[in-house]
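Paired with chain B in one complex and with chain C in the other, chain A is shared by the two complexes that follow.
== the complex of A and B ==
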């Protein structure tokens, strides 16, 4: 199994990243702040104004270190991609599936089933662990309806129907998401999903977590030789990594939502770490962003049992293992794509 | 695993000084300089074998020496630092 390496996050403004031998060197006004050997890194992620030398870009691309640029607020800007990896036969088969609605739907319905299964588990776990603190009756109704939708999903072969079922399940799940926030309720609440821009603190955290997860997913897909931009459920649109978004569906809940909930419930973040811009967008300050990134990295190191591979792996490798399983399915080594079913 | 590398390179002649800078450069490429000729490198078994081979090629075995200490995967408990110039831990979140 691949080893999970570290990710370097650069949040300082006015930094420049260069290459020295096999080291990535972080400079601020000619002063060297840090140097790390590239072979210890899996990804480099910059927020703000960090410039990067072409030599470092090339070194990252050839050593399979993903290099991503984001705005200060965590919106995705650009990514460095090197020569295409993997084999073209695999990618062509991926395109063929993507062009075929029925075959696309067969893969996509497994992903959506995974999503509903995982979200159902999140809710059921909450009712089990905090039975006295939350409205279990209300949540129970939602988990039952998620179970019903999962049954309906089994035979679906049209993408539109799939999207409809997925949408209604998402509405159900979102309607009780606020109940899972157990601490700091006066400042953290969830009335509904808002994005571009996120209008409250929970949405700001969710958007940030989804961006981080999407980047991990894109790099994972590329490292197994798939094209992250050609999806099955999400159709092609220039500049959108549709396959990464497809693959994220089953992980949004267990990976990102639960991460955000634990940040709030464990009081890693607090009310003061956010501010509101003129356009009503809620943004976290630099201090909070660092705390979130630190917690994200620590979460990635935590080990879980992968239910399909039956192997203990760190959370951070889940996007990679799912990408690997999808590649095996496309190649024809597996009869179905096995989504990540969290236990 | 964490490999601690230390070296002594004889610098009596200019040839020795050249060897010293080459050895130092090679070590900087693979890890963190914690003291003047002491490096901590996080390597897997294959990377370690290669680095060791490359370093052995650089030195003159009659006058110079290299030492490798393998501190394994659970190195955190095994290293303590006192005094100036504290180091970073490659296993911790790296956020600047």
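== the complex of A and C ==
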């Protein structure tokens, strides 16, 4: 399997990134703060208004290092993409599937199956690991219902029905998500998902984790030659990476939600690391964002057994592996798209 | 004889990939996938030395030309010869801008040492065939220069070699026209293939995805 390399997150504002030989250099007012060999990096992600030299952009593009610009609060701004990878034949087949409701639904239902399966096992695990702290009865009801929905999903060939089943499963899962927060309950709670803006700390963390995952997913799809903007469940909307969002469905819970829960439950983040704006929008401070990014990098290095490939890979390669498997399915090597079914 | 459109020419360098593994060739030349490993980086580095199109040396009876673009209309292939040595020879052909008669001999630069299989060999044969067609001459031999042993090896080009190359190119064209990536024949050569993790040869031996999903859902 491909090797997982590092992502360089530049969180210090007003820094400029340049190229020096085979190195990326981080500068602030002409002073060089740090220097990293480019061949060790898979991605560079900058927060704040850091500039990047055209030479570095070129070097990143030619070495297939993704370069992403975010706002200081972690909202996606832009990405530098090199020459298109992959072939038009693969992408055209992707478009054909996308244009065909039934074929789209057959792929999308597997992704949603993955989402429900993983969410079910997040809950099952919690009842096992924290039986004394968790209302097992309440959770069991949800996991049973998720199990039932999954069986229905297997035959679905209409996207509307799929969305309906997915929506009701999400309501169920969200209804017990707060139960999984076992520490710092007075400051971290989950009543429901709020996005623009996030209205509580948990939502602020979730939004940030989803952005990071979406970036990894977009890069992964592009590196296997697929078009991240043409999806199956999510329909085309200019500027929206629909396929990346589709692919994220099965990973949101198992990758991002669990990550956020562990930040809170292991007290990596705390109450003080956030501030509330006048309109109640909750924003992470720089220190907390740094901690989250560090933990994110560490999580990516942790190894798991890939359930379909039966191969040990780091978590960070899961988006790439799933993108590769999707490309293999579209190309006709596989009978179905194999979702990442974690337990 | 069929003349191919220049746009539909296949890359000469692909013959080596094709003979190494049909799927590797298709991934690179049809699907445009590429990933470097240490071997390919070494190869690039080595070719940087040879790839100096402006460098031209003349020593006595020898004219050495680097990075020479070649093609064959008949085969429908195009590529670049690392080095072509033109040797003054009464049985040779005249060259534009040169006095006298010359015979061309391609020299292909390779990392490592001579290999057992003939995947490199056919690439050299194809170069010879391109030069023969372009210069209207017969080239009996060519050379490999192996970086690890710092030596060149002479290769005699036979009629059977030429037939094999023709057959390979025909097969390549067949896949190319259908945009078809053949399935992998996994084997020991997969270990040295830089595209291993794009190809995932084992995937085709796995159980079906539907049984994977069913068994997980029924746990």
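Things to note:
By our rule, the second predicted complex is superposed on the first by the 343 of 343 C-alpha atoms of A that agree within 3 Å, B and C clash if a C-alpha of one lies under 4 Å from a C-alpha of the other, contacts with A are read in each partner's own complex, and residues count from 1 in each chain.
As a working rule, a residue touches a chain if its C-beta (ideal position, glycine included) is under 8 Å from a C-beta of that chain, and two chains touch if they have at least 3 such contacts.
Because the structure is a prediction, the values reported are computed rather than measured.
Within the superposed three-chain model, A:297 lies in touch with chain B and out of touch with chain C [touch as defined at top]. By the touch criterion defined above, A:157 lies against neither chain B nor chain C after alignment on the C-alpha atoms of chain A.
In the superposition on chain A, contact is made by A:341 with chain C only, not with chain B.
In the overlay built on the shared chain, the residue A:331 is in contact with chain C alone; chain B does not reach it. By the touch criterion defined above, A:236 reaches neither chain B nor chain C. When the two complexes are overlaid on their common chain A, residue A:135 makes contact with neither chain B nor chain C. Only residues 3, 6-12, 15, 20-23, 26, 33-37, 39-40, 290, 293-294, 296-298 of chain A touch chain B when the two sit together in their complex. Here chain A touches chain C in the complex through residues 1-2, 85-87, 89-90, 110, 113, 117, 150-151, 154, 224-225, 307-309, 324-325, 328-329, 331, 333-339, 341, 343, going by the rule given at the top. Taken in their complex, chain C has these residues touching chain A: 30-33, 35, 179, 181, 183, 197-198, 200, 202-204, 206, 208-210, 212-213, 216-217. If you check the complex, the residues on chain B that touch chain A are 25, 28-32, 41-44, 47, 88, 90-91, 93-96.
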